[in-house]
Amino acid sequence: MSDQQTNLLTRQQIAARAAQDMEDGWLVNLGIGMPTMIPAFIPAERDVMFHSENGLIGMGPPPAAGDEDQDLISAGKELVTMVPGGAYVHHTDSFAVARGGRLDCAVLGAFQVAANGDLCNWRLPNQTSGSVGGAMDIAAGSKRVFAMMTHTARDGAAKIVTERTYPLTAGGVVTRIFTDMAVISVTGDGLVLDEVAPGLTADEVQAVTDAPLIMDSVGTIAIAA
Amino acid sequence: MSDQQTNLLTRQQIAARAAQDMEDGWLVNLGIGMPTMIPAFIPAERDVMFHSENGLIGMGPPPAAGDEDQDLISAGKELVTMVPGGAYVHHTDSFAVARGGRLDCAVLGAFQVAANGDLCNWRLPNQTSGSVGGAMDIAAGSKRVFAMMTHTARDGAAKIVTERTYPLTAGGVVTRIFTDMAVISVTGDGLVLDEVAPGLTADEVQAVTDAPLIMDSVGTIAIAA
Amino acid sequence: MKNKKAETLEDAVSRIPNGATLLVGGFGQPGVPEVLIDGVCDLQRRGLTIVTNNAGTGHSGIARLIEEGCVGKLICSFPWAKESFVFKELHDAGRIELEIVPQGTLAERMRTAGAGLGGFLTPTGVGTDLAEGKETMNVDGKDYVLEKPLAGDFALIKAYRADPRGNLVYRKTARNFNPIMAMAAAHTIVEVEEDVAIDDLDPEVIVTPGVFVDTYYVTGWYEIGKERNAS
Amino acid sequence: MKNKKAETLEDAVSRIPNGATLLVGGFGQPGVPEVLIDGVCDLQRRGLTIVTNNAGTGHSGIARLIEEGCVGKLICSFPWAKESFVFKELHDAGRIELEIVPQGTLAERMRTAGAGLGGFLTPTGVGTDLAEGKETMNVDGKDYVLEKPLAGDFALIKAYRADPRGNLVYRKTARNFNPIMAMAAAHTIVEVEEDVAIDDLDPEVIVTPGVFVDTYYVTGWYEIGKERNAS
């Protein structure tokens, strides 16, 4: 058995892998945290636009020093830029984009993902309240929802589960899961283990995954040198 | 008994009387036909803005010869202008203004008005269909609805009735009625005859009005020389 | 970047199949995509459902589409204008179905579809013929009609300018239903007077973001109802 | 023409009574009407309901209003940010009520109020804690939550420029909730960086028509969170 600890992907590596799935012509919404690292890994020739629910269609990278504009931020409240051909909209129009099926993909962090695609990412079960933000709207409305997270919780508990035990964000919406151990697709037949991190075996991934994984054809996550 | 025919107000005179009720600071929507004659009778020092449901806030008078713009029309499809400080909006925002209570007044033509303020102006009872346009939305949403019409139908039938017999446009919305014979207010106590045309008596107006009129204090419509 | 510019009128509209629901912009003449409509006429499709405010003028545009037998159903607010005699003739002959929708409700139903919502409660039409068969609900003591979303397979709209992303701006009252229809259709096809370079439209003033636009076709300026040069 | 320009901050906000519901614009720092909020703080009202996306930052703005005991209830989407420690402290002490609303639903509920509608059906929140106690309806095989309008007695918003009619334009992501809140309140009070003459705003690019604006107050440019000059 390999040493899992050393074979876990870094946050950058998870972002780089998720970036491979961002297709030419897509409009994508990125949740706060790890998903915001994705754009840096998308090749310049691939045309992917980013939507930020606070009213930005065509969000660009952080500004160069001296170009900061305090009125131009992302939903994660970081200073950003606008790409050529972008547009500003108000909040209601921005969520019309999100809920109306115009997002090709949303990449969101998650506490728990169930085998049926249930997404739980807004409130921990031991908390009486949470900060929902735009997560429920975006998760309910996107054509695809990618969950991006560590494979297990800090205490080692499985986050990919047969049935969710955490408060629901949106039911049956997750289409693919990117973790520090694997890439998993949510299908009508169940969870399909598509790829594992270099140095890990499919069985090692299954061992820390509560839901059963279909392992008919498991590849290895390609990592740039 | 006076000769009613000669004492009826002209269309211009009805418009001039209705114009007296347009208050400073109001935003007003004008239905097609007679109501569109009102703006010409509003004194220049009185600030009344006009809303046209096809996306104009701040509709101005017809253009001077040579200034016509085919892309600038009223809901009645006449060429118009835009006043300084006006704004263009799309159809949904325009009807948000109308339904959302931002119109201080709508002045609409009517086939029939009932004592409770029911407005009937979109379809005749012998027709299977009608052209509703924006009438139902505007009538339902305006703070006040003024009905502007001939007092009786061409065949002499009363148009101001105890209970409507025509298809409803909006229930209980009319607040005042301007006709070629009278000005009548719709109140919780019933219809109040406020003013009659010069040369007419209150009884003459009641005689061609199906609904009972309260005649406690009846004035005469002031007509400019 | 995906090329959204159609080089020919046929390229712009040819994907429209028989039986499609088309949202067609315009109020009066301003904002009517007359060139695109002619393109659809040339396809000679059958059984189209047309959603638009009016029922056509004279023998051109929507009236031509109706006259040539392409339209099975019309959803509009103002069908019985004098100039819509072609529609009246076919409707009287039982050859075209009609659904009348109050104008604000028509706009709002399309927006509802575009915003991914399942319906809305409106005071418009309460107690009228046009609310028959629809659910009525009372909220805080006031009655409302429950109205459903109205989506299009295609929107045919007209704008003033487009950039390569498909961002759009409009002219005056030619804006009308066009931005709403762009949101409400699976595929939005735009005719524009002119196209401009990326970044030539200020992102603060864009009315329709390009995300709602699939294809645009440049027509140049023309006057509706007049003979056009080859476009 | 009605004069909508307030010459002093007190004139702009003094009509706000105890117990009023205030819609307060902004997302993060952009678009937060910090000057107006300070003006409301100075009034020392009690029992206000505040509708806004966040729960305040540090000790200024909304956080100051909360800290000074003016707020009885907060309706927002994102209450538990680290920088909202003042809100957390008062909430833990049971001194402020909280209603969490998904961000898109929050915006849409205000638009619904502004558009004179009685509610809408949204897929957002179906099956979640936040749909508890709300009616669920199935339309064409899909479940939706019925959400009600959310109106304000006052909106406090921030814009970039105003003309004497109260027409507004915004800057970049400082637009956010502001135009929606302007529609949804009985009285809308705006702080603007600068005012311009009538006709200086192109009617094609106005985001909030003046019909939605009652009062504006000119603050000049300032950086939120920094010491301001007397405004």
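The chains carry the letters A, B, C and D, assigned in the order they are written, with residues numbered from 1 in each.
Methods note: a contact is a pair of C-beta atoms (placed from the backbone, for glycine too) under 8 Å apart; a residue touches a chain by one contact, two chains touch by 3 or more.
Everything numeric here is computed off the predicted structure, so don't read it as measured data.
**Q** Go through the assembly and pull out the chains touching chain A as well as chain D.
**A** Shared contacts of chain A and chain D: C.
**Q** Find out how few touching-chain steps suffice to connect chain A with chain B.
**A** 2
**Q** Which chain has its C-alpha centroid at the greatest distance from the C-alpha centroid of chain A?
**A** B
**Q** Between chain A and chain C, what is the separation of their C-alpha centroids in Å?
**A** 36
**Q** Just curious, how far off is chain C from chain B if you go by their C-alpha centres, in Å?
**A** Spacing between the chain centres: roughly 30 Å.
**Q** If you look at chain B, which of its residues touch at least two other chains?
**A** 82, 88-89, 92, 95, 98-99, 140-141, in rising order.
**Q** Please output the residue numbers of chain D that touch at least 2 other chains, ranges allowed.
**A** 108, 111, 115-117, 122-123, 170-172, 204, in rising order.
**Q** Examine which chains touch each other and state the graph shape they make (line, ring, star, complete, other).
**A** Looks like something else, not a line, ring, star or complete graph.
**Q** Who touches whom among the chains?
**A** Listed in label order, the chain pairs in contact are A-C, A-D, B-C, B-D, C-D.
**Q** What part of chain D is in contact with chain C in the complex they form?
**A** 108, 112, 115-123, 137, 139-140, 142, 144, 148-149, 169-172, 202, 204-205
**Q** Which residues of chain B touch chain D in their complex?
**A** By the definition above, chain B touches chain D via 24-25, 27, 47, 49, 51, 57-58, 82, 84-89, 92-93, 95-102, 140-141.
**Q** Which residues of chain C touch chain B in their complex?
**A** Within the complex, chain C touches chain B at residues 27-31, 77-81, 98, 100-105, 107-108, 110-111, 122-130, 170-180, 207, 223-224.
**Q** If we count contacts the way the header does, which residues on chain B are in touch with chain C in the complex?
**A** Against chain C, chain B makes touches at 52-56, 69-73, 75, 77, 82, 88-92, 94-95, 98-99, 123, 129-138, 140-141, 167-171.
**Q** Going by the contact rule at the top, pick out the chain D residues touching chain B in the complex.
**A** Interface residues on the chain D side: 1-2, 111, 113-117, 163-165, 167, 183, 198-199, 203-204, 206, 209-212.
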